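Shared between the two complexes below is chain A, which pairs with chain B and chain C, respectively.
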Partner chain A sequence: MEPGTVQNLNLLLQFGLPLALILFAYFIGSMLEKRHFRSIGAREDALHGFPVTTFRNLPQNWQVGQAELVTGNVVVSLDYFKRIIAGLRGLIGGRVKTYEPLLDRARREAVLRMVESAKSRGFDAVVNVRLDTSRLANSRGNGEGTAGVEMLAFGTALKLDGR
Partner chain B sequence: MKFIPRKARNDVNVSPEHPLVEATTLVVGLGLIFAVILVALLFLVDLLLWFVPPEKEIRMFDAWLPEDIATVAVDDPRLETLEALLARLSRHWPDAKYPFRVEIDDSPQANAMAYPGGLIVVTAGLIEQTQSENELSFILGHELGHFHNRDHLRGLGRGALLLILFTAISSSDNSAALGSSIANLTLSGFSRSQEAKADRFGLALVHAEYGHVADAWRFFSRINNARGGLLQSYLATHPPPKDRIDRLAGYAREQGWSSDGSVTPLDWPQDPSAP
Partner chain C sequence: MDLGTLQGITLSNIETVPGRTIVEFYGVVTGNTVRAKHIGRDLMAGLKNIVGGELKGYTELLQDSRLEATERMVEQARSMGANAVINVRFATSSIAQGAAELFAYGTAVRVE
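After this line comes the complex of A and B, so read on.
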């Protein structure tokens, strides 16, 4: 092989492969993200008007027939592209913008699942909603575990006899 | 008061900036910052060289030998030949402040290196693969050129600074990868100009010694045809032979140096330890 070819191959392996991986992760990741946001938007529209509050106390005119715990949880993984950009961002600081959609998707999806579960079981409202999050795996890019965000939404679902 | 639910019009929790814009800004911005720091450090090393004049360097590295080479026995007769050749060549550089020493590394890989304190290490593999004195003179002259430009100390200083720089940013694997790519690109540019300068200096010594530059780069023509194997080491630390030959031939033409002349053959004294 010509030495030029060897050098080009080296260059390709050193820069081309990671770059291809990052671009692949970006295109697949952003496609999945867009699809998820579309799904979230449509389901939020469908549930529009269903009372979901963080209040602990009920309005005085609500007459509760039945109360039950409802939960919704979700784990969203981050992609290689987001991880790389966040790693670079970590050098200089600032908003980690690539992680913001992840948290948003997780929060809205968890609340949606909780509300969907309440509605499908015939409840009329969810009150005292709380959100909790925990880190499932190491988010450093050292290949240990899959970094992602876990979100848990829970609240008290109510069946109302009258309001 | 009646509560009327309304849909949120926009999502304040997600930045509107396109991720590719952020990616480009970060990579280009950080790359530039890193390159500026790197170049500044390289110039700092050059500046520091002023504080280590050759006299001080010689005191610091007196009789020093790098640990990773296996030198041949001190009574190896080939050492005498090399020392005599080196002495003849360095006569044409009267301002040299170094007491040049030469050692043979017992490695089959062909290579030659310049070390602090005026030490030139030639491998046994190189001795076997050079076919005339003129070839060997040019290789020694090239290493003398590194002393002339003080590349040997510069390399040491740059290595130390890069180590510090990478340790500082290695908290993030990705940024360390970006940094080392930029460092490689920058350094290879720098070392190419160093090698070219050392080549010109070496060729001038060869011309001064023989009155012509015949055969000076024949070693490279040969390794250009048969590469790999035992030459890997030389090719890893020196420029590709084809470019080098072209540059050397061009420089000789520019200077009006004849490439015709009688070539001095090499006759090595028999190595007593050889089977």
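After this line comes the complex of A and C, so read on.
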């Protein structure tokens, strides 16, 4: 083999591989994100008309039969490409657009899971919905390793008499 | 996760159990659990971390842990003679690398 070819191969391994990984992560990541947003949209439409509120006081005319706590949670992480973009954003500051859709869809997913769990158990409404966001620690001490963000939605599900 | 009525104790995150009357207060009850991720789950999550999106292993882990924390809280409420825990709150804190504390607290009461 000529020395030039070996050098080229080395170059390819050093830069090509991470680049391929970034591109792979970008395409698969955005594809999954689009699909998830479609699924969220469809499920939110299906739950249209199911009362979900952040009030703690109930409307006067509600006759409550049974009450129970319901929860929904989801842990998400950013893809490789977006993490790099967010890292670069950190240098100049400003709006980190790559994080916004991730947190948005995670939160909506958590709410959907909570509401779906309430509906499947025969409840008619969910009141006093609270949302919590917490960051999970990295699995390795140097700040590397898997980390995620958990979204938790919880509220009180109600069975209403006369419904 | 079926948190709703754990072993006959009604939970709610409002100051009342809607549709019922509170007859007695027993005070604050708490329950916690500290969990570390296990290596198999972490490996899968590490792979999933490349493309992003939901880390199902962690979602389930936290769900189970929260259920356990809630069960401990309910156990405490039962030992006091309560039949409901109202105004339930949850908290999560990362206390060490790879480990998290899940914490549930509320007010134990007796309702009619």
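Note that the second predicted complex is superposed on the first by the 154 of 163 C-alpha atoms of A that agree within 3 Å, B and C clash if a C-alpha of one lies under 4 Å from a C-alpha of the other, contacts with A are read in each partner's own complex, and residues count from 1 in each chain.
In this text, a contact is a pair of C-beta atoms (placed from the backbone, for glycine too) under 8 Å apart; a residue touches a chain by one contact, two chains touch by 3 or more.
Values in this document were obtained by computation on a predicted structure and should not be read as measured data.
> On the A-aligned overlay, A:127 touches which partner chain: chain B = first, chain C = second, or both, or neither?
So A:127 only meets chain C here.
> Of the partners chain B and chain C, which touch A:70 in the superposed model: first, second, both, neither?
second
> Return the chain, chain B or chain C, that is in touch with more residues of chain A.
C
> In the overlaid three-chain picture, which partner chain does A:92 touch, first (chain B) or second (chain C), both, or neither?
After superposition on chain A, A:92 lies in contact with chain B alone.
> Taking the superposition on A as described, I'd like to know which of chain B and chain C A:58 touches: first, second, both or neither.
second
> Taking the two structures together, which residues of chain A meet both chain B and chain C?
Residues 82, 141, which sit in both footprints.
> With touch defined as at the start, can you tell me which chain C residues reach chain A in the complex?
So the residues of chain C in touch with chain A come to 1-5, 10-15, 17-20, 37, 42, 45-46, 48-55, 58-59, 62-63, 66, 88-100.
> State the interface residues of chain A toward chain B in the complex, per the touch definition above.
3-4, 14-15, 18, 26, 30, 44-45, 48-49, 51, 81-85, 87-92, 95, 97-98, 100-101, 103-104, 107, 141-142
> Show me the residue ranges of chain A that touch chain C in the complex, using the header's touch definition.
21, 24-25, 28-29, 32-33, 36, 56, 58, 62-71, 73-80, 82, 102, 106, 109, 117, 121, 127-128, 130, 132, 134-141, 145-146, 148, 150, 152, 154-158
> Per the contact definition, I'd like the list of chain B residues that touch chain A in the complex.
So the residues of chain B in touch with chain A come to 5, 7, 11, 13-15, 17, 19-20, 22-23, 26-27, 30, 169, 171-175, 177-178, 181, 227, 235, 240, 242.
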